[in-house]
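Read through the structures below before going on.
Each of the two complexes below includes chain A, the first together with chain B, the second together with chain C.
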Partner chain A sequence: MTATTQTHHQEAISPARRLVMNRVGLWMFIISETFLFSGILVSRFYLWGGTRPHLNQLLGMSVTLILVTSSFFANRAEVAIKYGDRKVFLRSILMTILLGLLFLVGVVGMEWPSAPVKPTMDGEFNVYGAVLFFMTGMHAFHVLTGVVLLAIVARLGARGHFHAEHFWGVEAAVIYWHFVDVVWVFFYPALYLMGTAVGPGH
Partner chain B sequence: MKLGGRLLLGLIIGVVAGAVLYTVMRIILGMPAWAANPWPMVALALTTGSIGLLWGIEPSLGLARGLMGMVAGFVVGLLVTYVIRLVLGMDPAWKPEPAWVVGAVLGSLGFLLGVGVMTDWLRWTRGEKTPEQHGPPKGKPAWVRYFGADQNHKVIGVQYTVTGILLLGAAGTFAMIFRTELTNPGMDFLSADLFNTFISIHGIVMIASILMGIGGLMNYLVPLMLGANDMAFPRLNSFGFWVAVPGAILILMALFFGGWNTGWTGYAPLSVRGPLGIDFFMIGVFIFGFSSILGAVNLITTVLTMRAPGMSMFRMPIFVWAALATSLIQLTGTQFIGLSFLMVVLERLFHMGFYEPSLGGKVLLFQHLFWFYSHPAVYIFILPGLGIISELLPVFARKPLFGYKWIALSSMAIAILGFLVWAHHMFTSGMSASLRVPFMYSTMLVAVPTGVKFFSWLGTMWRGKLSFPTPMLFVLTSIAVFLIGGLTGPPLATVPTDLHLHDSYYVVGHFHATMFGGFVFPFFAALYFWFPKITGRMYNERLGKIHWFFQTVGFYTMSLYMMRAGLLGMRRRLVDYDPALGVAGFHHVITMAGWLIFLSVVVGVLNLAWSARRGPVAALNPWESRSPEWLLPSPVPEHNYEEPFEVVGEPYDYGIPDSVYVRMHSEPARAG
Partner chain C sequence: MEKTSTSPSSQEREKRFLYRRGLIVLIALVVLEIFDYLVAQWANGSITILMVLALINAALIVEYYMHIHTLFAFEGAHE
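And then the complex of A and B:
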């Protein structure tokens, strides 16, 4: 940006203050999203109560471990770029993306076709199928957006866009990734562990 | 080319393109090229013709490009769904509902891409830097910026406000149509389906209009009051306005897709079974919700991080507190109406049994989720209005605002309490009777912070030097009307009386009293009050008072007769009623009063529109307000405050000698 396009208004906000404003804004957005996922969780308890469908426990445990591990690498990427270590940053963020994609394969590619919640003759899903697909689907959609954001950040990072003084893009994507991860920490027990399993099993 | 030539060219190209597009789409989708019903083709041709006219006026209008993007998005959505169904071998390949739903989503995206509010963000993902944009586009007339993606909060505030007034006119027209039908017993000119559609669309378009109206007030005023030069995120601000436009368009499009018969509440399971219009209504509301949430993110961040030096939270102008409380509800609650509507659309598309009892779903889930937003939503509508009352009263009473901190905190208390009362809408819904009493008490509790506000307003007026220009008249009527709305609430919060009054015209009267007292009257007060600030000109005082008088008389008549009809047993949402009920005379009066309100608003809007161009030039600070925005020239320059100011005193110390609120750095002191 040249000095001529720089205006009075932009000079008024220092980079340090801009960072604070960005952080407040992002956290406001995350508070909002928290209400969305709380609503989904409440709906699960309202509709399923103390029951749950028979799901593949090994698959559930595996995707959970994969996602939690991905958060570790996301954090490593953020710390690395704040210390200016681009190599570790890039490796960690690619690892995060890989694990995120693995999670999506596990949930959408494996759990969805195998879950014992088939549609009826009229193509209707009962309440178990509806809630299962809705919860995992809404979450998977957010994981997908997180992967897209991380991919954008990785591509920019590979071109040297981020460094120790310029890391907001990384931080934002990583905080969002942690948030999506924490949502799953609540969704996993609600889907796989709590209540008695009913209906056909594996 | 001359303007006339461009208009004609745009119109012809638009109409032809619409007709060709319609025919080509029919051929692709495997239908006979010529339909027996010509009206869809005419409607599309008229739409594209209007876009052509807009393009003819000024080719660079963001609105015209957005609408073109929307049409393109719809076409892509319809074709993509058709092709996917064809490839998957689903029968029939052309199924209207999924195709139009995908079209609506992609159409909205197309609108946003076309209007240009995402351009900067997309460039950021490629690592490019984009300067913030200031002033109208280069080489274009100044008015062009109001029809495109502009990042200045004052332009966006005006965009919100004008859109709000347009939607107010549309929703008011819908009301007049079905209100006229109700004048006499018997079916006069509307069918039952059309009546249901009009009451539903009146409700939701009014809500959209109110959300736009408060968005306008908050976006225009809050940065000025805080001493900031813009909102925290100017691009997000622009996105927040423009995302509401396709939302509103989708809601209005529902009219042409069978309308909908559920009322604005869209209760399942009726909404799961209703016509295609319900998909448009619900997706429109869903997309509109982005505007609420992102606007709230922006506003809260602005209030928390961009206050002038010395402006502690308790030295902010009181309207900012109201805006903050409102935004907190919008930020959190909006997710729930989105969630409940999304689940209806999913149940319609994929037969997912969230609400269908035969599949194990629960009907009441919809009402819980829906009211968890939609009750707090009424506080979204009224809190800014109550803030306007508190903001303007001290100016016209020339006295300090009585109990500033209590007013500020009562707004927050209403925002929090609002989340604890939703089930009072469900006393007759068959929910567990044990929930009734707790929700009765929590609802009654709302009267406490609201009462604090009333005491403060009385205390502010007490022994003040009152003057009565138009804004003050609207403020005083707001208080009186909101009092009626408030006092008629406890009988509805009390379970035994609610069981009798529920679903009657009493509720309709009560609700309209809260909305007029909490939004409509304060909104017009604010419009008249800040009109000289926004336009630099003065409205016509006599016409303003005429507007106020007829709106007040019309409103009292309408609201009180509605309540009386309800007490006599008139049920709401009925297209017809039994003359033996003895309420036909009341309905005559209500309809006439409704028309009176409608015409008075027309007078008011015409007054403002005319005065914006031709009114006398306004004095610098016609109301002798202490608020910092009145230190600026009118209309406010592009970068609000060329030099920052410092807050050195209390905001509302009117009538106290030598008290100072803000001090510009260049001048020693300024008396209030």
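And then the complex of A and C:
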């Protein structure tokens, strides 16, 4: 394809069509991520079966409510920018970032050091630790990337990059954030609630 | 996400409706998460019941926060 025909092709795509293509592309990425997290979730059932370690229930519930609330603020930010309400948009996106960081502190900073799944002295494979750290670690990494993405969106938004006619960047970042929330909606009961608690506990 | 009207008053109404809907979904999610915990204690961590509750939670987020119904719609686009 020559440069001229390429330019003509790009011009032929209307903004509305491009938005649909962007959304489909994002959802294809989300579907591929769903396969990844589904595989991880299945490994939990294969390795833990009907059991689970004694995790801190209060902490588990707290981080879950924090993440769910962050999704509310992300949605609020998206609505605000679509209606040109820049002040609410910036406030909500910053609140989302703050809650995302709080979630990371709760999981990585508090749950990881206190979880009763340390390896045994004789080096025996600890299946509870392996699954717990893999599930929460993979999810926390996605939360971290979401926080970075939202921070970029907030910075661009503060500079006036987004407005009621141009908000795809906000929409994409927010949908990704909600996806991270959806993953946790399954991981929370799988880690903290499903099955019978075994081993040392709180 | 729906954004159909053009007059300032109707846009303001739509915006308020979407803010309110977001709040209602949040309340529903919080209630369901707490219900999750209570059901786990009552049903001894039943995987089936908890998975159904997780699916309801996920459906609420995918429909109302990720607005999957607008995937192939031209809503929000500006020609």
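Note that in this section the second predicted complex is superposed on the first by the 190 of 202 C-alpha atoms of A that agree within 3 Å, B and C clash if a C-alpha of one lies under 4 Å from a C-alpha of the other, contacts with A are read in each partner's own complex, and residues count from 1 in each chain.
We take it that a residue touches a chain if its C-beta (ideal position, glycine included) is under 8 Å from a C-beta of that chain, and two chains touch if they have at least 3 such contacts.
From a predicted model like this one, the values you see are computed outputs, not experimental measurements.
Enquirer: Given the touch rule stated above, what does A:40 touch, chain B (first), chain C (second), both, or neither?
Expert: first
Enquirer: For A:52, is the partner it touches chain B (first), chain C (second), both, or none of the two (neither)?
Expert: A:52 sits against chain C, while chain B stays out of touch.
Enquirer: Using the superposition on chain A described above, determine whether A:194 touches chain B (first), chain C (second), both, or neither.
Expert: Second partner only, chain C.
Enquirer: Between chain B and chain C, whom does A:128 touch in the aligned arrangement: first, second, both, or neither?
Expert: first
Enquirer: If we overlay the two complexes on their shared chain A, which of chain B and chain C does A:161 touch? Say first, second, both or neither.
Expert: First partner only, chain B.
Enquirer: Quick check on the superposed pair: does A:24 touch chain B, chain C, both, or neither? Answer first, second, both or neither.
Expert: Touch status of A:24: both partners.
Enquirer: So which positions on chain A get touched by both chain B and chain C?
Expert: Overlap of chain B and chain C footprints on chain A: residues 20, 24.
Enquirer: Chain A touches which residues of chain B in the complex?
Expert: Interface residues on chain B, with respect to chain A: 125, 127, 129, 131-132, 134, 229-230, 232-233, 236, 293, 296-298, 300-301, 304-306, 331-336, 338-339, 343, 346-347, 350-354, 356, 359-362, 365, 368-369, 372, 639, 642.
Enquirer: Where on chain A is chain B touching in the complex?
Expert: 1, 5-10, 12, 17, 20-21, 24-25, 28-29, 31-33, 35-36, 39-40, 43, 46-47, 119-120, 122-131, 133-134, 152, 156, 159, 161
Enquirer: Can you check the complex and tell me which residues of chain A touch chain C?
Expert: 14-16, 19-20, 23-24, 27, 45, 50, 52, 57, 61, 64-65, 68-69, 71-72, 74-76, 78-80, 82-83, 85, 165-167, 171, 175, 178-179, 181-182, 185-186, 188-189, 192-197
Enquirer: Could you list, by residue number, the parts of chain C that touch chain A in their complex?
Expert: 1, 3, 11-12, 14-15, 18-19, 22-23, 25-26, 29-30, 33-34, 36-37, 40, 44-47, 50-51, 53-54, 57-58, 61-62, 64-66, 68, 70-74, 76-79
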